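Each of the next two complexes has chain A plus one more chain, namely chain B in the first and chain C in the second.
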Partner chain A sequence: MERSLSLRAAILSLAILAGLIGAWHFATLPTTGAAGDVDPEYAALVSGSAAEGQKSAFPTPADVGATLWKHLKDPFYVRGANDQGVGIQLAYSLGRVLVGYGLAALVAIPLGFLIGMSPLVYRALDPFIQILKPISPLAWMPLALYTIKDSGISAVFVIFICSLWPMLINTAFGVASVRKEWLNVAATLEVGPLRKAFRVILPAAAPTIMTGMRISIGIAWLVIVAAEMLVGGTGIGYFVWNEWNNLSIGNILTAILLIGLVGMILDVALARTARLVAYRE
Partner chain B sequence: MDARVKPGHDEGPLMTKPLISIEALARRYPKHGGGETTVFQDVWLPIRKGEFVCLIGHSGCGKTTILNVLAGLDQPSAGVVIVDGREISGPSLDRAVIFQGHSLLPWMTVMQNVAFAVTSRRPDWRKDKVRAHCQKYIDVVHLTGSEHKKPAELSGGMKQRVGIARALAIEPKMLLMDEPFSALDALTRGSLQDEVRRICTATEQTVFMITHDIDEAMLLADRIVLMTNGPEAKIAEIVENTLPKDRQRTDIHKHANYYALRNHLLDFLVTRSKTFASEIGAKGYDPRHPPVVRPGAKPTAVETEPPKAASA
Partner chain C sequence: MTAFKDPFDARHRLTPGCSCGRHASEAEHAADPATSDGRAQRMVEGAVMRALFPEDATRRAFLGAVGAGTAIAAVNALFPLATATEVFAQGMPIEKKDLKVGFIPITCATPIIMAKPMGFYEKQGLNVDVVKTAGWAVIRDKAINKEYDAAHMLSPMPLAISIGAGSNPIPWTMPAVENINGQAITLAVKHKDRRDPKDWKGMKFAVPFDYSMHNYLLRYYLAEAGVDPDKDVQIRAVPPPEMVANLRADNIDGFLAPDPVNQRAVYDGVGFIHILSKEIWNGHPCCAFSASKQFVTEMPGAYQALLKAIIEATAFAQKPENRKQIAEAIAPTNYLNQPQTVVEQVLTGTFADGLGKVMKDPNRIAFDPFPYESFAVWILTQMKRWGQIKGEVDYAKVAKDVFLATDAAKLMAEAGLTPPTSTTKTFSVMGKPFDPAKPAEYVESFAIKRA
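Up next, the complex of A and B:
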């Protein structure tokens, strides 16, 4: 029953995909009889095929497929600073995300633990967290550029700031809401504070902490594209912006698809990790 | 029917120092709009080594608070609990608690849950020694074969068994139980009561248990402490179990004293727990020595003299 459900779901998914690609294909079919209307200056700016006027500037599915294949065939080439393979650009972005996110986890989880353990600290820090949390991470960018004076590190800093809050809040919440009876068990067994933290509170709060980490990695991957559009130089966000300047929509669509894929892989990886620490009551 | 024994008749055995002594315990809450609400007050109760004491009372008389104070998880508004001549200041491995909910750590297996308690008690023990010790108590509660299951894979009765094994495995001086079987179905409850009785009699474990189940108290307890209704609850009387020591759940109801005892307890819970205040007005009441009653088929030595004034 379950197997036939997933089979039917897969068939439906493929059908929807085919429908979308079909609609896209028909929407971008070459228009006839418009050959003479193309402005030669425009033709000089855009690619030759668009200048022929038979096709819209928006690529067909086949074009994007070919572009995607071209990128995947040779993802790691370097031909100068402004022409590097999409794999290299993704690696730059992933590196920034992992460094910023890792640093945020190193700060947020221990700090969240302390905040969650102490109702006093919880209340004292709450206004700061509530005000800092809704700030768009990109708003920090000018401050980061001014103080750090390095665009690459500024991008990492922006990732750090945006990954911090969900992990901090979830850790504090998870630690603060450990069931009283489990703490009572630890108390009646005269368990020391460190052992209580690692054997009782941490495993009890782990699923909540993991949820925060999963939210954070999602936000970090969203923000890196925007951050790299601002700082430029390298990264998948810069690549998208660069291809916009080239008006290469095929490349942009390829990048969009790859951004989605990488984001999904990051999310699945953390979901798998979350399953390791999950428990049923 | 009742054989009322003069208060303080058990001063003889009390000369042997009680293992744990509840003295003048009270719990008060600030009342909304000034003043205080007293949940219970002037609760005095010595518990001797090897004794099984049940506390019965309606909800709201502060039963659980008394148990939590004994466990060191709660502080009284007044009074103390003395263990081995010293006032208790917090939780201790000497007083193991079996909670109402099983309160197992759900991310640990049965073995890990018990071992967590044992390594708290014996941090110097090697792993294989801890393991063997845990296995012994897992076997005692008949959970052999389920060592590596998580609590979520166990039935309610099995979870409570793990809780019992965890409490017994630290070999406490005293076992505290807060309505441990109230969440279980009747069949499971019966078999667990049998096991608790078997284990506690065999090991001469000192137990303080809260219940609102009369039959449970009659099967398990040597002494049944009756509390009046809250607020201002107090110990109304202490009923000594007049059923034979080797009683079995399957045949206690055939004993001559069974109905006398059961009716006495039932009468108390149904009516006297509410009207006790007027009862003591007539007879005088010493909270340090609440009346001791031994309900039986044949009345034995009914005491007619008035209760003594508070003794030294």
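Up next, the complex of A and C:
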């Protein structure tokens, strides 16, 4: 029964995909317009659809498939500083995300631990966190560029500042909501504070902390594309911007697909890790 | 290299060797110190001669009377030619060979970009990385942060940075203009019957940046038609690559933008070219090559080599016969990332107008590196006119400090070009003459202004 359910779900997924691609294909079929009387000299200077008096068309699924294949076939080429393969661009983005995210984890988890242990600090810092949390990464960018004076570090900083808050809040919340009974048991057994933190509180709060980390990696991956579009140079966000420059929808769709794929892989990786620290009460 | 590399090329050289015939190949010819020394000597002598006799007629009369050999000897007695030649030929030592130059992917940056694939930087012994940048604010910040040693900017930006409009005041210089003309007003195809700017009230326009020639020219054009650019229409700053996408989505009705954006809008059937910017002011400057004053004073050797490369590239770009070759060099993804035909139409001036006609205007874009100080004064009057700068402005001083006309003149002479004899010139914008000596009166003379 279980197997047949997942099989049926897979079939349904494929059917939805086929339906979407089919709809896309029929929506973008080239309209054979009756525009025979165009000056051939003029037609040579503009794109096919503009010669027929229309706006350039959205690419068909086949066009996008071809573009995707072209990028996947040769992902690591370097043709000058401003033209590198999509694999290299993804690697740049992943590198920035991992550095920014790693730094955020290094700060957020210990800090969240301390905040969670003290209800007073928790209450006192709460307004600051609530105000800083919803700020868009792009709002930080001009400030970062102005003060840090380095675009690469600014991008990492923006990742850092945006992935900090979910981890901080979740860690603090997880630590603050460790069951009183367990702490009381630890107190009865006269466990030292360090041991209490690592042997009682950390395992108890771990699932909540992992949830925070999972939210954060998603945000970090969202943010990097926006940050790189603004700063330029390298990364998948720069790739999208560069192809936007060229109004090349096929290349942009390829990038969108790859961004989604990498985001999913990051999320699944953290979900797996979260399962390792899960426990049943 | 075999002599019959391409048997179908009628102009292929049959004999191996260089253009002067004394070397085995063109590369050796260029490397030979004798020929390049001779060129430098000739250039310096030429420059001194021109300086001594600014009038061609007097120079010729003098040469006719005494002969060229005596003339050189006479000039030599007055001016230590040998020393000067040596200084110019060797140049200053280059303090830093690996340089980064930022650019925005538009055809205005042609000399900066093409100097890389076509080897103009290399010729000066520089290893330059040209880095594509997302927008004017970012290029400004990266240049100020010294991530770039020099950058492609809009010609009003060095003035704005120097006087602290829109940023902290930092001494900035603009030793060379990149291009003159080369912009256009593009409107959405649905406005093809509204060609009179008087009917444009309520429209939304885009310009690349607040401190841009585009902004001042569009405002000027609208104001001349009686449309107040602040009250009757909306003008917003949109980075060039986003303009076509916004025009397509009906977010804006038109824009005054750098190419290839205008031609790209035509190529994609989204807009048509209403007028070229040369119809507003023929010969207006647009983009510039700029560097911080600090770079200029701390690394004079690198600065001079870089500027020389840019000026030589600009001279190369000015020749119509080179334009197709340049389009091919700068259209790929690494640089402009545009279909080659779009770039070619911009550079050659034979272009589709978006309404079914093929237009021919070889002066659609031109390249002239000379940063006339009167350009700066005009820009400052417009900044004042639209309230971007407040209070008293010492027009002439700011213009002189930022537009380094004397540097450009010196290097232009070295590159074998003839620099203009005066650093100012008068011109007229939409038929209204501008006198750079009377900027304050000029600002006062406009009916629509914020000052």
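The rule we apply is simple: the second predicted complex is superposed on the first by the 258 of 281 C-alpha atoms of A that agree within 3 Å, B and C clash if a C-alpha of one lies under 4 Å from a C-alpha of the other, contacts with A are read in each partner's own complex, and residues count from 1 in each chain.
Following the convention adopted for this analysis, a residue touches a chain if its C-beta (ideal position, glycine included) is under 8 Å from a C-beta of that chain, and two chains touch if they have at least 3 such contacts.
Computed from a prediction, not measured in an experiment: that's the story for all the values here.
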Touched partner set for A:E281, first chain B, second chain C, both or neither: first
Partner chain(s) touched by A:E190 [first = chain B, second = chain C, both, neither]: first
Touched partner set for A:S151, first chain B, second chain C, both or neither: second
Which superposed partner A:L45 touches (first chain B, second chain C, both, neither): second
Contacts of A:I265 with chain B and chain C, given as first, second, both or neither: neither
Touching partner for A:A62 - first (chain B), second (chain C), both, neither: neither
Touched partner set for A:R79, first chain B, second chain C, both or neither: second
Touching partner for A:L247 - first (chain B), second (chain C), both, neither: second
Common interface residues of chain A - those touching chain B in one complex and chain C in the other: none
Complex contacts: residues of chain A adjacent to chain B: 181-182, 184-185, 187-191, 195, 199-200, 203-204, 206, 277, 279-281
Interfacial residue positions of chain A with respect to chain C in the complex: 38-39, 41-42, 44-47, 49-51, 53-56, 79-83, 142, 145-146, 149-151, 229-233, 238, 241-247
Contacting residues of chain B [partner chain A, same complex]: 71-73, 90-93, 95-97, 99, 101, 103, 105-107, 116-117, 120-121, 150-152, 170
Residues of chain C touching chain A in the complex: 105, 129-135, 137-138, 141-142, 144-147, 241-242, 244-245, 248, 264, 266-270, 332-335, 337-339, 341, 345, 350-352, 354, 356-358
